[in-house]
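In what follows, chain A forms one complex with chain B and a second complex with chain C.
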Partner chain A sequence: MTLRLEAITKVVEGRTHIKPTTLELHPGRFNVLLGPTGAGKTSLIKMMAGLDPIASGKVILDGEDVTRRNPQKRRISLVHQFFVNYPHMTVFENIASPLRVAGVPKSEIQGRVEAAADVLKLRPMLDRRPHELSGGQQQRTALARAIAKDSRAVFLDEPLANLDYKLREELREQLPDLFAGRGAVVVYATSEPEEALLLGGETALMEDGHVRQFGPTADIYRAPASLAAARTFSDPPINAAPVTVSGGTARMGSATWAAARADGDYTFAIRPHHVLPQPMANGVALEGTVAVTELSGSESSAHFDLDGRPWVSLAHGVHPYRVGEPHTFHMDPADGFWFGPDGAPVQEGR
Partner chain B sequence: MNKTWNQKAWLLVLPVVLLVAFNALVPMMTVVNYSVQETFGNNTFFWSGLQWFEQILTSERFHAALGRQVLFTSIILLIEVPLGVAIALCMPKKGVWVPVCLVLMALPMLIPWNVVGSMWNIMALPDIGLLGYFLNEVVGWQFDYTQDPIDAWVTIIAMDVWHWTSLVVLLAYAGLVSIPDAYYQAAEIDGASRWAVFRHIQLPKMKSVLTIAILLRFIDSFNIYTEPFTLTGGGPGNATTLLSIDLVKIALGQFDLGPAGAMSLIYFAITLLVSWLFYTLMTRNDP
Partner chain C sequence: MSKLKPLVPILYIAFLMLPIYWLVAMSFKTTNEILGGFSLFPQTFTLDAYRTIFSDPTWYWGYINSIIYVTINTVLSVAVALPAAYAFSRYRFLGDKQLFFWLLTNRMAPAAVFALPFFQLYSAVGLFDTHLAVAMAHTLFNVPLAVWILEGFMRGVPKELDETAFVDGYSFPRFFVTIFIPTIKAGVGVAAFFCFMFSWVELLLAKTLTAVEAKPIAATMTRTASSSGYELGLLAAAGTLTIIPGAIVIWFVRNYIAKGFAMGRV
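Right after this comes the complex of A and B.
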């Protein structure tokens, strides 16, 4: 079972919201749509689910063209960012509702609902109604509904975004197991790069209605195909600055280092956790002025001004920065990415 | 615990005490006062106990008026609530027509009650009224609300439906537009029918606003006075003499202050009891 998108587009009032998108999504792993708010993740999910019209292109589910087919005939499930359950039905009835509509025999419904409830630890709440549940339990009910239904594709549109931190972590850990071995194509939209990394599988980087890059999550993280992709897959935002290489020496503002690259202008980008406040082997010193510092848990981040550009350093431990004063940060240029004037990555070598 | 005693706090509650006293307690106690006394004029009063309450509760005239009142309120609720919900469902959710619809809906409610009564009074007259003439001459219905009780009822019900369905529409519409699209999408994916969407999403989500709408329509229609008074004056005969019209006849027509006071209190108690029962039943399972 696969879900294939063939150059699908979405046009609203003459404006193309989703540019031609071609993807092949497989079951057995998470297919993550990663991008900032407004990138088109929800639109793309709605198009795959049949809720939004497709201007051109095809959606092929399990070998059959479902482009113009009603959502209910596609055998799919969708879990929203908001907790959507039928308000006056009990948890049991909520989970059972798609099965009842589909005409599943009563005897079978009981078993399937209970199985889904067990997986999501909803057994004791089967008789309650949504307003008597916590946010996490409400979202688990919505997930149970998606699981109990024998779907060919499951769309999860930022399902954890409205949950508090603890519940989010707990549910995120369970998610891959929930859908493992069900044979359904799982599509998961998120705006958090960390979530994509934790869920693994494959990631489609989305920006401004485009899928910028698609492939195994770890590969994309290690080798972003464009500066835009590198930006999307970094939180806090990736540091970038223009670099000029001449005669084997890279010059970025006042910092210089030896670089085996052809002469020319590049954009050098490096993730914040590779820019550290202490010296390192092969390190290049960056003379910055500390602007803002933040402590979160055991990490400290410093926003500093580097030749007029805002850069960020993210380091383990608590570091004594003084706001407004100069500080020398360090980075190993080997951790960074090089992009040419066209935004495409440039490999090492002359 | 060290408590600070500061008598100045009384000054802060004084305005609200005065307000409640003058707009509720004093008029209410005046009525209570009338209801337990007999008067022969000249402001001389004699204690009469519960005599007037007994008289009202056993009076056939009161029973008849109460019956008409219950019938009127039941009919207009049965028409206005489903009709209001149906209209709200048909209204556009977004676009340029939304403000147009809302203003059109709000118009009848902006018209003063006695004007509504006068409008319908003239409009339904069989000889010169647009509606009355049309019914007689074009439809062929021998319609005359000033002579025929059924016609009079049809007219006051039509008038109330015209005047107040909008309230239900606006409240139901407010409930409908507050339902996130995600619910409809979930229903679409589940393959729920149009009826199931109404039954399982729209109706439950509208429940609280509909409770308020029904409550407001119940109270207003049960206490209705101005419109039927201007339209039919309670006639023909006593056919449309609703409770409030009868009450005014007793109090100001016959100047029977004692029975009128007792009837007011009974009337008030019925309205309060039904409202309380309805609201309690509707909200009993709410979060």
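Right after this comes the complex of A and C.
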């Protein structure tokens, strides 16, 4: 069972919203669509689900072309960011409704609904109506409806985005187990890089209607294929600055270090948690001016001005920054990424 | 001061209720007493007026006729308005906004404008003096009203509900009847209420399009007024009975109407 997209596009009033997108999504893992709001994640999911028209290209589900097929006939499930349940039905009826429509025998429905309710801890709420539930329970009902049905593909469109932090963590931990061994292709859209890393599997980085990069999540994190991909997969945004290499020495503003690269101009990018306020081995000093500091739990972040560019440092522990004062930050250039003038990554070596 | 506070709404409500009280009190008086002079309470309490109405077919058939065409009209208007309102709330199509506005302009013309064409038209097709004729004439005003109200309620339902249902396997008709309509049942109640009320109180078209068979109660009232002098007690009793159906319907939809006001569509 695979879901294959062959150069699908979406055109609205003459404007191309989704550029030709080709992906091959497999079951047994999470296929994450990662990108900022407006990148086209929801559009792509709706196209895969048959809810949005496809201008060109094909959607192949389980070997058959479903491009022009109604969503009703695709045997798929969809969970929205907003908690969508049928308001006049009880939780039991909500979970049972796709089964009833599909003509599953009554004797079987009871068992399947209860199994789904058990997995999502909804057993005590089966007789309630959605408006009597908390947000987390409402979304769990929507998830239960998606897993009770024998779907070939399950689309989760930022299902945790509207939940509070604690519920989000709790449900996210459960998610991989929910879909393990079901044989369905699971597509999960999120705007949080951290969520993509936690769910693992494969990630498609989306930006502006493009899939910038697709592959195993860890590989993409370690080796972004472009500056844009590196930007998408970093929160807070990745730090970037132009670097000039000449004679084995890299020069970025006032900072210099030895670099085994061909002479020329590059863009150097490094994630905020690799830029630290204290010295480190092989470290390069960066003289910046602190602009804004934030303390969140055990991490402190400092936005600082580095030769006129906004950079961010994200470090464990509490650090005494003084806003408006100069501060020396440190980074190991080996943690960074190099991109050529065309935005493509440049490997080490002359 | 604080002791006087409740007095203000009480006075106001008493002021509002006065005409209704007067009507009800009159219905229990004899015509002589009504014409005789001022009396706050019926001096000689009588149920004769009500007895006449419930025993004389020309009277009670007026009520039955009204209820028949009002019911037909309400069902017809809401049934037609539901899919129309869905289209306006969910799709963008050529001239959708203009059409929506045009629907409302139908309500701006006085009923008298349409009385003559309707009379001629229904006479020509043999529908004159039928319940259906009045019910259909009233849809001209009630369908736009129902579309307007229902569209507001439907707009409040996220499109994601439709999408979820389609993905879950619901065909459109099944989704519409078993999921969408129950979801906006408050709106259906409010729309039905306003259709009912308009059709119940509308007199001109109902009178013009009927003669004997489908004569509404309001027409009966105006015609009986001069048959044997003034039967004011009888008229007051008929008026009292006319208020009752509206009061019953309001009782059922009172909570929904508040919701409709909150959405700005009532």
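Heads up, the rule we're going with is that the second predicted complex is superposed on the first by the 350 of 350 C-alpha atoms of A that agree within 3 Å, B and C clash if a C-alpha of one lies under 4 Å from a C-alpha of the other, contacts with A are read in each partner's own complex, and residues count from 1 in each chain.
To be clear about the criterion, a residue touches a chain if its C-beta (ideal position, glycine included) is under 8 Å from a C-beta of that chain, and two chains touch if they have at least 3 such contacts.
Not measured: the values here are computed from a predicted model.
With chain A as the common reference, chain B cannot sit beside chain C without a clash. Judged by the touch definition given at the top, the superposed model places A:97 against both chain B and chain C. Shared-chain residue A:319: touches no atom of chain B or chain C. Of the two partner chains placed by the overlay, neither chain B nor chain C lies in contact with A:251.
Once the two complexes are laid over each other on the shared chain, residue contacts for A:131 go to chain B alone; chain C is not touched.
By the document's definition of touching, neither partner reaches A:19: not chain B, not chain C.
Taken together, the two complexes place residues 46, 49, 51, 70-72, 76-78, 80, 82, 84, 86-88, 97-98, 101-102 of chain A in contact with chain B and also with chain C.
Only residues 46, 49, 51, 70-73, 76-78, 80-82, 84, 86-89, 97-98, 101-102, 129, 131-132 of chain A touch chain B when the two sit together in their complex. Listed in rising order, the residues of chain A touching chain C in the complex are 46, 49-51, 70-72, 74, 76-78, 80, 82, 84, 86-88, 97-98, 101-102, 142, 145, 149. Residues 180, 182-183, 185-186, 188-192, 196, 200-201, 204-205, 207, 285-287 of chain B are the ones that touch chain A when the two sit in their complex.
Across the interface of their complex, chain A is touched by residues 158, 160-161, 163-171, 174, 179, 182-183, 185 of chain C.
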